[in-house]
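Both of the next two complexes hold chain A, though its partner changes from chain B to chain C.
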Partner chain A sequence: MTTTETLRRRVQLWFGPQHPGITGNMSVQAWLEGDTLTQGITHVGYLHRAFEKLMERRKFIQSFPIVCRICVPEPDTNEYLLAAALEELSGLDREVPEKALWIRTLVLEMSRLAAMLQVLGGHVGSMGLGVVPNWTYTLRDYVLDRFEELTGARVYHMYTVFGGVRRDLPEGFAERMETEVLAKIEAKLPVIDNAIFDSSVFRKRAIGVGVVPEEWADEMGISGPVVRAMGIPRDTRKDFPYLKYPELDFEVVTTTGSDIYARAWIRRQEIAQSVDLIRQILRRMPTEGPYCAKLPNMLTWTIPPGQTYVRAEASRGEMGYYVVTDGSDKMRRVHVRGPSYVHGVSLLERLIPGTNIADLSPLMVSLQTCPPEIER
Partner chain B sequence: MSLKNTLAPFSAWMQAFSKPFTVPDEPGVRPGAPRYRGWHINDRETCIGCGTCAEICQNVAIDMVPVDEPTKGDSGLRPKVDYGRCCWCALCVDVCPSGSLAMSNEYVWVDHDGDAFRYTPGVDEKPWDGAELGWRKDEGFDIVDHERVPMGHLDPEERIHTWAEVVVGYTEEEARREAARCVECGLCVAACPAHMHIPDYIAAIRDGDDVRALNVIYDNNSMPEMCGKVCTRRCESVCSIGVNGDPLAIRWLKRYVTERFDDLKSVLDVDVERVGEGRKIAVIGGGPSGITVAYYLAIRGFEVTIHEALPQLGGATFFGIPKYRFPMPSLEKQIKLLEDAGVKIVTNHRVEGDELRRMLEENDAVFIGTGLMKPYRLGAEGEDLPGVVYALDLLRDKNIGREVEVGERVVVVGGGNVAIDAARVSRRLGAEVTIAYRRRIVDMPADDEEIEDAEAEGVEIIPQAIPLRVERTDDGRLDFVWGPAEMVPSDRGRPRPKLIEGVEHHMVVDRVIVAIGQSADHSWMPPDIAEKVADAKGWITVDHNGMTGHRGIFAGGDLVNDTADAISAIADGLRAVEGIQRFLGILPEREETEPEIPVITVR
Partner chain C sequence: MKTIIDDIRARFSVEWEHEQRADLAQIGVAPGTVVPLLTWMKLHTPFVQLNHLSVVDWLEDGEFQLTYLLTDPHGHRSLMVCTRIPREEATMESVHELWPQAVTYEQEINEMFGIHFPGSPRQGVPFILEGWDDLPPMRRDFDTVAYMHAHHPSRPGREHVDPRVYVGKVFGERGYLHDDD
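Right, the complex of A and B next:
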């Protein structure tokens, strides 16, 4: 084969970093034969702001407005984990009031809900079906309205802080949550089902595409909807219970198939699950009592030497924070373990060979990558 | 694929008949949520310019810029926010000690000029000034600690039977915890007459480095143990944490550090040039100002001699302040440091006659810090009866170890710290004590804590009581006659007491103790020198070097300042330390821009 022929057969293509089909700012350097991808190398770093290093040079309280940036669509997991890690190391965890634990659980479930609505729209949007994302993004905005009311901001909430949360639940929050958000989502879900899961177009493009072999689950540390779509009931909320999850009534959603369709279906089911959990939380949450422990002076707060790893279930999978303190007023080391590294880099690169170019976007969305989480 | 799968998606068309999701309003019409974090607002009057907002801002988006003239407790600076950096986390609002900073729920602002997005809230007018809604400080969430670590006191019942110190002092753990409350704004430094490096030594205490703390303290205070026990603590009155909580216990922290070390010389790391070798300085009066001058000049190589009329150095802190507040070992420790620094101390020596003239000839400069030793007279009939005494005499006699007797029942006239001291001392001598004060309790110049302590010890305070006369009773006791006063407005600001005519109250006592202030006594100076040094009323005016109208004579302490407390005397001493060096040509003349009380350091 001549060089020209090779070139004709093998085209190199840069997909991203600025591309509507990409999940955030990252890029895939892909090689094509015809319209089939033969190889793909992921390139990240476009969002690198050195979060971990920044935090090593900031006081604990100053680190807290930073972490929400590690995943824009779902910042609260980061806020909770940083707080949980430092509370554990400082002994403050024993003083977090009951109400704060409930509000934290609520906020985590709200952010999972918002993120899953977004990515469910992304599933179909990446296939060129623009209608469903309009609905799901609007539903997500309704969740953000409640976030705005509760935390004072729509996207970067900066709400969960050491000792509890920053503000109490506003009056009438539960009612507004029910009528303005949960009821609307529930009303829309059957319509979404019709438009996605019963659509022959979506089924054709999603079933059997992007199959992740089950044996990779442990080998690569896959978590979240990706692993649950394999039929493995892995969920941090059940496996390593935290906050008020042990007191809530829910089952881990699983299915089989391990393809794009299965992962979308898991998300669809978990949206309903989140709606139910938020109802349970709002019903059982105490109405009285403090929402934050008495804090020491945050400008001079020091934490004894120690290290810990804390984890929580984000919509993408297991999110973890490894934090080392050395007795000073800053963290010695903080390592953010997000599911995106596994899903968006290692797994994606393995799945690319043999994939049709048109399926790359749906595949990436189904793995749900948050690039800043890869390049902390 | 079934037929259903082909048809089902078309159900989406049904949505065409539902209410649209999109908001038809113009952008900016939708208001932010009630606690939305929008553009900053600041109450210029409530803000104290402490800069804690700038300190906590992790983006360095806040600059403190000069806006008003600085006053005590207000730096005159106001936060200027750079919205190119701000991340809207509102930590600045949550940390704001005065509660002046907030965020409005306004979030739309269009401007073609990028530099417009840096403004000083509350100073640069904005449409959202005075917005009702937005992010506000909330009671349930506090990121600074507003509660002081409580200080242990001896039980009042117990302490009136002893001369032991009333205040127990912080333990190491308590001191570290209290020190950690500081936000290091530095408003206290400006309020302290001596401009002690307060946030620096508090930080050292917090970090567990007491040696460093002690060295920082000795930078510009050579009697810190005294200040740690009895200072009037202007610093605490301006503490930013104190605006909405308990101010830092700055005095108790200083006390904690200074009490930790017995041999000061071995801990202090003095590193200054001995520029004064071969020069001689005489200090007349061994009070706080004189001790300050002597110590800081001696470590610079000057040959300093202190002349003190009483048997012990310390001035009012020795003869005036009772030992349950400032015990003798603490004073002796500070005097030992002076001796270690090479200061010659001559006690029981009252300078008189032509001695001052001779001193001026023999020394390069003379410092006078003789204080106010002549009590004001009551000006009421019967003042000269035996049994009517002056508080200063009583306190002095007690402190130098003379036998003091006050009888069973005592009335103290006055409302200052000396009056309280006299009352509490009398209480310890076994008397029932009443304080009669002309104005209201809130007007009393005495320290609030002192008043509380006195009341706890059973001292009764009668406010608005004007002494009319003192009479001798048949059984040899005294009848103290006083009349009630009403408060009337006065053109000098605070209300003035006015005697209600025709009403007389009688109180039979054994002693009437007069504590209504004291004045200077310059009879020891040669008249021609005294004329140049002091005015007709005895007040001494000094220039920026601390020098009096007579060349080579410097002065400080109660003679010079009108605040009459130890820390002001120390500040005067510091001014003279530098002034004397300027006078002798060792230091260049003072620049206009330099502060009057110098910031000196010995490290």
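Right, the complex of A and C next:
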């Protein structure tokens, strides 16, 4: 066997689940020749907790502590979608107070902001530039401080309930949000821009890497920053309006390139957009009025038979809940459709062949895979 | 949504229809109609995206319901195509030739409900579970408690220690309890 043939031998490598470059509890079974990946298969199941099965056996209200665990960095989308689906099927959606709709919009946007700060740091952290994640995680912590003030919890909020939210905004919340979070984020963004988008290391490793062809967008149902980085203005907040988003002034951020750099750039722009949206929401939110509708007895509440699919724009893309009720006090079926189900399995596996082994981690971060929403 | 359902009715047999929202309609068709219908929709209508594929277990009826959610990404509307198949030896035609991501859905459904999709590439390949040899766990007749007792025998509970007694034993009758404070 010649030296060249030896180097070209196909080697199998498990990338994860114990690997600092993997996005959560999953792994990629990869085959490589030299340092080029020839094939990859996504493996999940490391934190399967049978959430969907559990929810079939619980009363509706008991599902809130479960759904928030479907995505750790961004739990609120799950809480909202569960509430929205069951409110729609029960007819309770017509009774959700105006103020609750604004607070839910605020919470979803705060959640998107926190998750995007985390993943923007991850973009460069996965390439070894560790200082930027320190900044972005700190900024994310400021958002979590406000979540703690609002909901009593930093990560799993369990704040959205049927008919509205659990409590009103504390006094002075808007001012603290401005001075303690939004102003600090805005002040830091130029420095982050400089460290990421002006960095020759990041540019060399991100431009032209992990390119997703535009024709895959419809074929595979790609959404979120991944589809917007192709130049396609697709955003659930605009396309399937919900809550108070139709009343807010914002444009869908797009760019071209469809590579890791483009996806990072989209997230950077959407952080600024989220800051602006949170300001708009706090400015326009009514100060008076109820924050939750009068609810039926949650121990005996039944919902008529029906099925629906509701969706919202998470930081990763379209998040959907398919819910079926049968007239009883429990869901017949709840099926969570997270964007990672497509991005982290089918799309990632199609992108892997030809990728350099060192680029696998940045590629996965750029797809923003969240394993618990794959295995629910 | 009325137009697309009328178009479908002109070509295929539709068992029922329901408009859930202005942007979401639902139709029910026979199992044999599903793949021809979805193929026609992908090739000749704006409903080109498969957003979701799900299963509902109607145990009391002896049937599984398969739900395909198709979306028109430019018209911003979705159509739910539902069909029912018998639970016994449940088999359904695959749609992975139409949408590559359907492979993952069909793999998971095969594992969790035991529905077979002949020709789909990863049938029988574990997705979430590992070494599973019982009834597919998302079926409603799967007894989770019995499975748990069979595979995870209960361990004896911890010995209970009353803190008051423990502190009294270590620090004396009054100890640090400050009962009279």
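The rule is simple: the second predicted complex is superposed on the first by the 368 of 376 C-alpha atoms of A that agree within 3 Å, B and C clash if a C-alpha of one lies under 4 Å from a C-alpha of the other, contacts with A are read in each partner's own complex, and residues count from 1 in each chain.
We take it that contacts are C-beta pairs under 8 Å (C-beta built on N, C-alpha and C of every residue); 3 or more make two chains touch, one makes a residue touch a chain.
In this text the structure is predicted, and so the values were computed from the model without any measurement.
After superposition onto chain A, partners chain B and chain C are found to sit side by side with no clash.
By the touch criterion defined above, A:P170 reaches chain B but does not reach chain C.
Of the two partner chains, chain B is the only one that A:K294 touches; chain C does not reach it. Vertex at the C-alpha centre of chain A, arms toward the centres of chain B and chain C: the angle is 60 degrees, rounded to a multiple of 10.
Ranking chain B and chain C by residues of chain A touched puts B first. In the superposition on chain A, A:P304 contacts neither chain B nor chain C.
Within the superposed three-chain model, A:G34 lies out of touch with both chain B and chain C [touch as defined at top]. When the two complexes are overlaid on their common chain A, residue A:G91 makes contact with neither chain B nor chain C. In the superposed pair of complexes, A:G327 makes contact with neither chain B nor chain C. In the superposition on chain A, contact is made by A:H335 with chain C only, not with chain B. Of the two partner chains placed around the shared chain by superposition, neither chain B nor chain C is touched by A:P213.
After the two structures are overlaid on chain A, the closest C-alpha atoms of chain B and chain C sit 7 Å apart.
Shared contact residues of chain A, touching chain B in one structure and chain C in the other, are absent. The touching residues of chain B, counted against chain A in their complex, run 1, 4-6, 8-9, 11-12, 14-15, 21, 32-37, 52, 55-56, 58, 87-91, 94-95, 103, 135, 138, 140-145, 180-184, 206.
In the complex of the two chains, the chain A residues touching chain B come out as 58-59, 61-66, 131, 134-135, 138, 145, 148-149, 151-153, 156, 158, 164, 166-168, 170, 191, 194-195, 198-201, 203-204, 290-292, 294-302. Contacts from chain C toward chain A in the complex involve residues 20-21, 23-24, 26, 48-52, 54-57, 67, 69, 71, 73, 76, 78, 80, 82, 99-101, 103-104, 126-130, 137-138, 140, 144. Remark: chain A residues 44-45, 48, 50, 52-53, 56-57, 88, 217-221, 234, 239-240, 306-309, 318, 320, 322, 324, 332-333, 335, 337, 341-342, 345-347, 350, 375 touch chain C in the complex.
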